[in-house]
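Given below, in the form of C-alpha cells, are the structures.
Consider the two complexes below, in which chain A is the common component and chain B and chain C are the respective partners.
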Partner chain A sequence: MKETPESKVVDPGIDETSRRLTPEKIQRVVKHVLNKETASRLQVYLDTCVRCGLCAEACHTYLSRDKDPNFSPVGKVKATLWELVKRDGKVDGEFVRNMARIAFTECSVCRRCSMYCPFGIDIAYLLLTVRRICSLLGVVPLYLQDTTNSHAATQNQMWVQQDEWIDTLQWQEEESQFEIPSCRIPLEKEGADVMYSVIAPEPKILAQLLGNMAQIFAVAGENWTMPATDGWDNSNMAMYSGDFEIMGRVERLHWETAARLRVKKIVMGECGHAFRGAVYDGPRWLGWQFPPIPMVHAIEYYYDLLSSGRIKVREKYKEHVTIQDPCNTVRGRGLGDKLRYVVNALCENFTDVTPKQEHNYCCAAGGGVINCGPPWKRSRMVSNRVKAEQLAATGADIVITPCHNCHSGIEDIIGHYDLGMHVKFISEIMVEVMEVPEHLKG
Partner chain B sequence: MTLVRQEIHEMKAKNWDWQIGTRVLADLAKVRSSYARVDELDVSPDGELIAAPVKLEEGSFTACINEERWPDSYEICWFVRFTPAGKLIALVRIDDEWTVAVDGVPWEERFEYVWNPRFSADGSSVAVASKRDNLYGITINGKPWGTTFQGMRDFCISPDGTRSAATVQVAPLAEADVPAFFAGVWSVAVDGKAWNNRFVNAWNPVFSSDGQKVAVEIRTDICDYAIAVDGDPWPSRYGGVWAPICHPVDGGVIAPARLDGAWVLMKDGNQMWDGRYNQLWLQQCSRDGKRVAAVVSPVFGKWTVAVDDVPWRRVFGDMVQQPVFSPDGKHVAAVVKENNRWTIALDGEPVAADFDMIWDPVFSPCGSHVVARAERGGKYLVLYDGRTGRTAYDRLWEPVFSSDGRQVMLRYVRDDKYCRQVVSLNDLLK
Partner chain C sequence: MYEFSRGPLVWIAFAILFVGSVYRIVSAIVLARKDKVVLPYMKWKFSLRSLFHWSLPFGSHNMRIRPAFTVLSFLFHGCLLLTPLLTLGHVALVRESWGISWWSLPDGLSTMMTILVIIVGVFFVLRRIADPTVRFVTSYLDFVLVILVLAPFVTGLMAYYQVGNYETVMIVHMWAGAIWLAMIPFTRIAHMLFFPLTRAYMGCEFGHVRSARDW
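For the complex of A and B:
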C-alpha cells in the first residue's frame, strides 16, 4: 500500500474511539441521520449525481495530490456516504475511522466543488453529513473534539475564562490608548449601535487585534460595545465537528447577547467560518431563516468605512501584497469586490491571485481542518501545494488574510513551502496607514 | 426585571416622589468638564440619581453621582450600576486587586478578579463571580464561598439573595483530554457545595422562588440532554434542552426539550404542552402561575408567542423576545422584529409604529396600559399603548409606573441635562 502523509497518523480521537464501536451502534446512528435528520435534501443530491467527476478539478486536495481520484470530491463521497447508503449502514469501526479521516481532514467543506458540479450539488453538505454521523459515534479528531468541548463548556473556542476575557479587553483598552489616548473598549454598553464580536484566538493569543479594532472604531467614531459575559465568541467549530446541538447553543447565545445589549447590528472580526456559523448554519439550525440581527463581516465594515470617508488613508502601505479570498465570505457571501476595494484603498502595490474571488483555492485550514491539530499538519500541507504555487506566482511579500483560519493556514503553507512571505490581517495594515484626526491625538 | 422584582419594585415605588413635574438633577456638560472621561451612565430606580464611572487622571477612576463624586479613587472603576434598592455599586481595582464598592465603600475582601454582578430582587444582596488563587467561586455581600472550584461559568442567586448556585468544574481536565471530558467534570455548586452528580455539561441554573430548589440544564453524553433538579436528572434524555424556570407557586420545573426532532414544553419530566414546535424557548409564568407563555417557532423562519400552548396567529420573521405578562396575568406583550424593524406586540398584535430599537414592554399595575422606550433616528421616544410620544430624548431609561398606575416617571437626558419627570398618564404623550 502506498504510504501517504496521513497513513501513519496517530489520533486517539478516531483510532481508539472507532475501535470501540459495535456494528449495531454504527448502523443505528447511520440510519438515524439518513432517515431522521437529512431527509429529502440528501436524497436529491444522491439521486442527482451522475458521477461525471467534473467536481474533481475544483478540489485543492485532488489537484495537490497529483490528481489522485481518491482525493476528488466525488471520490470522497464514494468512499463514505455512498458506501453507507449502499450497505445500509452495515460497516465496521475501521470503515468509520477512514470515513472520519476523509471527511474531517481531506475536505475543508469549502464548496468550490459545488461551482464545478453541473447540478450544483452541495458536496460539502454531503461530507458534513458524514461528519455528523462520526460525531454522533464519538469518532472525531481529538483536537477538533477538544475545541468543540471548549465551546460546550465555555461558549468559546479556546477555554477562555470569563475573567480572562474581561481582563484582556481592559488591558487592550489601555494598550490602544498609547496610540489614541481617548480609545475605549466599552463593555456592556446597552443601546450601542454595534456589538463587535470576535473569535477566541483573539483574546487568547492575538490580543493586539482587539486593540487595533479599538483604534479603528475610535477613528470611525463608532458607537460600539462588547459583552462582558459569555456570548462574545462568534466562532463555531461544533459546526464542523458535526455537533449541531452545541453549534446551535453557541450561536443562540451570541445572538441573544446582541439582543440583550440592544445593538442594531453585529460587526464581526476577520474570520470566515465564524461568519458562516453565525449567518447561515447556526441560525438555520435554530429556526431562523436569516440572522435575527444584521451581521456585518469586517471586510464589509472596512469597505463602508473607507468608501464613506469615515476612515481616511494617510499614506498607503508600501509592501507588495496579495490576498487570500476566504471561502465563507467571498465564495459564500460575495465580498470579493469589497475586499479588493479595501486592499486597493490601503495598499499601493497589490497583485491579485489567479484564480481569484469565488474561484480562489481554499487555504485548506478552514472547515475545521486546521483544528484537527498537529497530527494532521503534514497531510494538510501536502493537500495544498496548489495554494503555495498560486501565492508564489504573485511575487508578493505579504498575503492579506481576512480570516483567522486562512491566516494560520497560509502561514503554515508559507513555512512548509518556504515561500518567504508574511501574512497580515486587514486591521493590522489599516491601523498603520489610517489618518488619525487631530482631536484624537490627545 | 423578574416577577418577584416587579412586585418589590411596586412596593418601593409607593415611597417615591410622585408629584407631577420635572426636576433637573444633573448638568452632564458640567460633569464632563470636571473629569478626563465620563463613561456609561446609569440611573437609580427612583430616578433621583444618575451615575457614571469617571476618570480623574491616568490610572485613577471613581464614580460620579449627579454632580458629586465618591471620595475614594481606584485604579479602575467600571460597571457602575444601581441596585434595585438604589445603592450604587462598582467593580473596582485597588493595589492590583479587585473588589466591589457599594456606595463608595469597598468590600474588605480582595480578589484576583470579580465580575458579573447580580442583585437580589429587593437589592439587599450583591453577588459577583470571584477568582482567588486561580480558583473560582461566588461572593455575596463581600462573603466568598468557603469552597472554590477550578472552573465556573453560569451562576444565579435566590430571589431573596441569601443563596447562590453556579455551574462548576469539579475535577481537573488536562489539555485535549476528551475521555475525561465525556466522563463528566461539570456539576452545580449551591452555596459552595457541589452536587454529587457530575455531568458532561451544565448550564443556566435557576432557583425556585422560595430558594429551596435549583434546576439546571445538563448534558450526559454527546447528544443526551436533560434537566437536573437538586442534582437528580429527569429520567428521560432528550435531543436538547433549554434553560429551565421554576413555577412561582408550586415550584415545578418547566423547560423546553427536543423530542423526536420537535421542541415541546416539559414540566417535572412530563410533557406539559401538546404542541410540537420547530423551536421553543424563553418560557415565562404569570405572577399567579396560572398561565405560561413562551417564544415559539411554529414553522421554519417564523416566530411568535404561545400562551398556554396557543400560538398567536401573527408571526414574525426576525425575532421575538421574552414574553412579559401583565401583573394580573391577563395580557402578554413581547418585543418583536420584522424586516429589521422593532416594535411591541400585545396579545398577538403588533403596534403600528416601528423603531430602530425598542426595549421591553412595561405594564401598568392594573395591566391595561403598556409603555416602552424606543429609539428612532438616534433619539429616544415613549411608546404608550401603541402611540408614540412627540418628545424626543437624547437618552431615556425604562419608564416607571406609580403604584396606582396614574402617573409615569420618565428618567431622561435632554440638552445635556438629566431630568426626572413625573407625568400623569393622560398627559404622557403631550
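For the complex of A and C:
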C-alpha cells in the first residue's frame, strides 16, 4: 500500500474502538440512523446525484492532493454512505475505521461543495450523517471525543472549572485596567443589553482576548455582562463529533443562561463553528426554528461599532494584511462584506484573497478537523496546500482570522509551508488602533 | 406491434411517467416533514433566486470556471427536452390523433439538435472514462442510463434517414422512447424531477437562513 500522511496514524479513538465492533451492532446502528434519524434529504440526495464530479473542484482536500479522486466530495460519499446503503449496513470494523477517518479528518463540513453541486446537494450533511453513525458506534478520533466528553462533564470544551473561569475573568479585568482604568468585566448583571460569550480556548489558552474585549466594550460604552455560571461557553465540538444529544444540552444551557440574565442579545467572540452551533444546529436539534434571542457574531458587532462611530480609529494599522473568510460566518452568515468593511476601517494596507467571500477555501481546521489532534496534523497540512498558495499570492504579512479554528489552522499552515506570515484576530488589531476617549484614560 | 407501439404503449409510458413523477415528488415532500428542518425554512424568494442562477448558463461560479462543459451541458439538456416536443413527426402524430398541434422545428434544425444530443451524450460517456475523478464514482449503471437516454435519439435519427427496415426501426424507436419516459421517475434521471426541490431547499438554506449566496 502506498504510504500517505494518514496511513500510519495511530489513533486509539478509532483503531481500538472499531476493532471491538460486531457486525450486528454496526448494522443496527446504520439502520437506525438511515431509517429513523434521516428522511427525505438523505434519500433525495442519494437518488439525485448523477455522479458528474462537478463538486470536486470545490474541495481543498481534493485540490491540495493533486486531484486524487478519493478526496473529492462525491468520492468521500461513495466510500462511506453509498457503500453503507448498498450493503445494507453489513460492513466490518475496518470499514467503520476508514469511514471515520474520511468523515472526521478529510472533510471539514465547510459546505463549499454544496455551492458547486448543480443540484445543491448538501454533501456536508451527508458526511455529518456518517459522523453520526461513527459517534453512535463509539468510533471517534480520541482528541475530538475528549472535547465532547469535556462538554458533557463541564459544559465547556476544555475542562475549565467554574472557579478557574471566574478567576480568569477577574485576572483579565485587572489586565485591561492597565490600559483603561475603568474597565470592568461585569459578571451576572441581570438585564444588561449584551451577554458576551466565548469559546473555552479563550479562558484556557488565549485569555488576553477577554481583556481586549473588556477594553472594546468600555470604549463602545456597552452595557454588557458575562455569566459566572456554566453556559458561558458557546463552542460545541459535540456537534462535530456526532454526539447530538450533548450538542443539544450545551446549546440549551447557553441560551438558558442568556434568558436567565434577561439580555437583549448575545454577542459572541471571533469563532465560526460556535456561531453555527448556537444559531443553526443547536436550535434545530432543540426544535426551535430560529434562536430565541438574537445572536451577533463579533464581525457584525465590530461592523456596528465602527459604522456607527461608537468606536473611532486613532491611526490605522500599518502592516500589510489579508483575511481568511471563516466558512461558518461568511458562507454561513453572509458576513463577507462586513468583514471587509471592518478590515478596511482598521487597516491601511489590505489585499484580498482569491477566491474570496463565500468561495474562499476552508482553513481545513474547522468542522472538528483540528480537534482530531496531533496524530492527524500532517494529513491536515497536506490537505490544504491550496490555502498556503492562496495566502502566499497576497504577499501579506498578517492574516486576519476572525475564527478560532481558522486562527489555529492558518497558523499551522503558515508554519508548515514556511510562509513567514502571522495570524491575528480582529480584536487584537482593534485595541491597538482604536481611539480611547479622554474621560476613560483616567 | 406497430399499432400497439403507436397507441397504447405511448399511453402506458406517459401514465407511468406521470404517476411515477407525482409519487416521487409528493413522497419526497411528505417525507421532508420527518426531516423537520426542511419545510419551515422554504421561501419562494430564495427558492426562485437559486433556481434562476442555476438554470441560467454561466449563472453560477462553477459554470463560469468550466465554460466548455457548461455550454455542452446546457445544449444537451435543452435539446434533449425540446427536440422530442417540437419534432415535426411527433407534432404530426398528435395532430392526427387529437387534432391539436403546435409549432414544430424545421426538419434540418431538429436533426441537428438530435445529432447534438448524441454527440454530447457520447462526450459524457468518454468523460466518465477519461476523467479519473468521474470514473472513480461511476458504475455500469451510469452507462446504461446514457444508453437509455440516447436510444430514442439514435433510433429517431435512423428512422428519419430511413436506415434499415423502416417499420422495425420505428417500433424500436417508439419502445426506446417509451422506456425512457417510463424510467424517468425510477432511475437517476429523476434528477430532472428533484432539481427544483433540492435547488430550492439549498437556496433557502443559504439565502433565507444564512443570508449568503449559493451560486
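Definition applied: the second predicted complex is superposed on the first by the 442 of 442 C-alpha atoms of A that agree within 3 Å, B and C clash if a C-alpha of one lies under 4 Å from a C-alpha of the other, contacts with A are read in each partner's own complex, and residues count from 1 in each chain.
What we mean here is this: contacts are C-beta pairs under 8 Å (C-beta built on N, C-alpha and C of every residue); 3 or more make two chains touch, one makes a residue touch a chain.
These numbers were taken from a predicted model, which means no experiment stands behind them.
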Which superposed partner A:Ala365 touches (first chain B, second chain C, both, neither): neither
Which superposed partner A:Gly75 touches (first chain B, second chain C, both, neither): second
First, second, both or neither for A:Cys271, with chain B first and chain C second: neither
First, second, both or neither for A:Gly13, with chain B first and chain C second: first
Which of chain B and chain C A:Ser40 touches, first, second, both or neither: second
Contacts of A:Ile426 with chain B and chain C, given as first, second, both or neither: neither
First (chain B), second (chain C), both or neither touched by A:Asp230: first
Touched partner set for A:Arg51, first chain B, second chain C, both or neither: second
Chain B versus chain C as contact partner of A:Gln162, first or second or both or neither: first
Chain B and chain C footprints on chain A, overlapping residues: 287, 289
Residues on chain C engaged by chain A in the complex (per definition of touch): 28-29, 31-32, 34-38, 40-41, 50, 54, 60-62, 65-66, 131-139, 142, 188, 190-191, 194-195, 197-199, 201-203, 205-206, 209-215
Touching residues (chain side chain A, partner chain C) in the complex: 38-41, 43-45, 47-54, 56-58, 62, 67, 69-70, 72, 74-75, 78, 114-116, 118-122, 280, 284, 287, 289, 330-334, 358-359
List of chain B residues in touch with chain A within their complex: 37, 39-40, 76, 78-79, 112-113, 115-116, 129, 131, 136, 151, 153-154, 169, 175-178, 181-182, 186, 200-201, 203, 219, 222-223, 225, 239-240, 261, 278-279, 281, 297, 300-301, 303, 317-319, 321, 337, 340, 356-357, 359, 375
Complex contact set, residues of chain A against chain B: 12-13, 36-37, 135-136, 138, 142-143, 145-146, 149, 152-155, 161-163, 166-167, 170, 182, 184, 186-189, 191, 228-230, 243, 245, 248-249, 252, 259, 262, 264, 286-290, 292-294, 373
